[in-house]
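Let me begin by presenting the structure, written as structure tokens, before commenting on it.
The first chain written gets the first letter, and so on, giving A, B and C; residue counts start at 1 in each chain.
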Amino acid sequence: MATWTWFHRLASPPHVYAFAQRWTRWFGGFAAVAMIVALVGGLVLAPPDYQQKDAFRMVYVHAPTAWLSLMIYTTMAVAAAVALIWRMKVAHAAAAACAPVGAWFTVVALGTGMLWGKPMWGAYWVWDPRLTSELILLFLYLGYMGLRAGIEDPSKADRASAVLAVVGVVNVPIIKYSVEWWNSLHQTPTVMQLGKPKMDFDMLWPLLLMFLAFALYFIAVLLTRLRAELLRRERNASWVREVVT
Amino acid sequence: MLRVAGLHLWRGDRHVLRGVSFEGTAGQCVLLTGRNGAGKTSLIRVIAGLLDAEEGEVSWRGAPVRRRVHDFHAELAYLGHEPPLKGDLTSRENLRFSVGIRRQVSGEEIDAALSRTGAHGFADRPVRTLSAGQRRRVALAGVLLANAVLWLLDEPTTNLDSDGQQLVAELIGEQLARQGLVVAAVHHALEVAGPVLKLELGTA
Amino acid sequence: MRTSAINAARLVALRDLRLAFRKPSQLVQPLMFFIIVATLFPLTLTPEMSRLRDAAPGVLWIGALLSSLLALEFLFREDAVDGTLEQFALSGQSLTWMLFAKTCTHWLLTGAPLALAAPVAAAALGVPADAMWGVVASLALGSFAMSLVGAIGAGLTLGARRGGVLLSLLTLPLTVPILIFGADATELAISGADFSAPMYLLGAIAVLGVTLAPLAAAAAVRIGLE
């Protein structure tokens, strides 16, 4: 059955490697094009915001990276669940490849958030609920990577961190909700949410394009890291020898 | 009764089990021999279901173990390198709990098992005050009490004197006479009364 | 006759209780830790009662969290080392139930005493007497939820190096909701207001923990036992 063959190919390291090798440059290329167009649209073409003036332009980097940091964690957890249920080595490799990328996206989101916060609130950090949730997400990523690093046996490390990823993804909505709750209890007048300002189309389309650009970029980076992971994990297999020579 | 087919196991980069296959029938003792690191412990753990082999299958009474793990475990008694005993409890208390979570067991049965393995004399002392050999005798009593059909023993004679080693051989013989099956990893050959299948690991 | 899953879990709980009372000095340690930590806050902040009272929820909850993390290390570790955890996995009984029993017993021995002793620390932080019931209730429920979540981390770090620090790093982000709702409940109790809303939320987390955490812990323990 066609779908079954597809599923089997998905589980086979040499097939996935070949797929990744073919398609990475396309994802990367489209990502670059989209990002350039979106940046021109957002930084040059879009008019300054009524309230925030030019400071709002930080949204073009902050919002996509924040959204992606969450999406990547979800992807990691899905890969982990697939790996646990169907015992797929490739899925474990994919989860491992996602983690550092997701962590970096979180760092960029936090950094751009802080840079945006300075003109908005006058301070780099005011415990805004979204940034606080983002910080906790970073801790979740670091915990995942720490667990992987802390277990010697690679197969055990894969599976233990997979359980952690699944537990984490269940917790993320709860954590977000609780941080919102916490923030609403202690409303101070100076706290302003890092919300997207009211956007008309001229401001909106570059933002949507940036989301797409970052998503494509993530896929390109993931495929590259995945290739490296597969080569490392399967280094004794015959297909690796053929690929390398 | 127990069928092991084509087991392959990797520990990191090491190919520990290479296509191990054998069949154990009721009343038989399977002795696993081999150097240190040959995979005896790994094989026992794979059969017990503690470790998952990358390839191959373990079947019990015709059905793959993976599907009915709890039922399989109910018929299995496993003894690893360390006797599974809590140091702060007495031998009697240890057995009451460890056997009790499997089946209802009476004080008399515990007494009988401790007497059989020569552990009756120190049954009411905390286990941490016992020597390694004494602890192993208590652990053997636990194996007896499990009323299990399949015994998986990893180096059962460790820390035992010659009397103790003879005890292990006798216990295995009695289990075979009850139509049970024993799979034991051993360093030196064990003189067992009954049909024996020797499997050497780490070769080829 | 084969023991039922509930009876097996009951036996596990009884065993753990008996073991704990053979070493009573170890029972007191997490409690002492909590008291000491609560004492350190005034030393590092201020002896002014009104300001301490403002900080009391934070102090009590951080103290409870740290004490809980310290105690969590021993939830599975000893049993993993002496091979009894392995025997649980091989007993033909539900490992999930047995680990749930262990977690509940662990809470009875560490979290519950902490909640009961909290009024002592709370009084030292300027909390009024009529708020004590709220302090105890919120800490009791919260520490129970923390034990459940912590059991997952304890299972995952069984085979890891530097397990203790890693356990803390893994568990802390997951306990954020418990801390937020719990501290809010304590805060409301201290100011004499109705604290039922955060308590319900805390209860919801505890219920979620009861249903899911033992499953995750059992999966983690099986991986760690390999």
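Everything below uses one rule, namely that a residue touches a chain if its C-beta (ideal position, glycine included) is under 8 Å from a C-beta of that chain, and two chains touch if they have at least 3 such contacts.
Remember, predicted model here, so these are calculated numbers, not experimental data.
K.L.:
Which chain is most central here if centres come from C-alpha coordinates alone?
P.N.:
So the chain nearest the centre of the shown protein is C.
K.L.:
Please tell me whether A-C or A-B has the greater number of C-beta pairs in contact.
P.N.:
Pair with the higher count of C-beta contacts: A-C.
K.L.:
So which chain is farthest from chain B, going by the mean of the CA atoms in each chain?
P.N.:
Relative to chain B, the chain whose C-alpha centre sits farthest away is A.
K.L.:
Centroid of chain B to centroid of chain C, CA atoms only: how many Å?
P.N.:
Those two chain centres are 36 Å apart.
K.L.:
So how far apart, in whole Å, are chain A and chain C when each is placed at the average of its C-alpha atoms?
P.N.:
Taking the mean C-alpha position of each chain, the two centres sit 32 Å apart.
K.L.:
Averaging over Cα atoms per chain, report the distance between chain A and chain B in Å.
P.N.:
So the centroids are 48 Å from each other.
K.L.:
So which stretches of chain A touch two or more other chains?
P.N.:
In chain A, 153, 155 touch at least two other chains.
K.L.:
On chain C, where are the residues touching two or more other chains?
P.N.:
In chain C, residues 226 touch at least two other chains, as defined above.
K.L.:
Could you say which residues in chain B touch two or more other chains, in rising order?
P.N.:
none
K.L.:
Using the touch rule from the top, collect the residues of chain C that touch chain A in their complex.
P.N.:
Chain C reaches chain A through residues 152, 156-157, 159-163, 166, 169-170, 172-174, 176-177, 180-181, 184, 201, 205, 208, 212, 216, 219-220, 223-224, 226.
K.L.:
Under the definition above, what is the set of chain A residues touching chain C in their complex?
P.N.:
Touching chain C: residues 84, 136, 139-140, 142-143, 146-147, 150-153, 155-156, 159-160, 163-164, 166-168, 170-171, 174-175, 177-179, 181-182, 185 of chain A.
K.L.:
What part of chain C is in contact with chain B in the complex they form?
P.N.:
Contact set of chain C toward chain B: 1-3, 7-8, 11-12, 14-15, 18-19, 22-23, 82-84, 86-94, 98, 225-226.
K.L.:
Can you list the residues on chain B that touch chain A in the complex?
P.N.:
That would be residues 10-13 of chain B.
K.L.:
Once bound in the complex, which stretches of chain A touch chain B?
P.N.:
Where chain A meets chain B, its residues are 153-155, 236.
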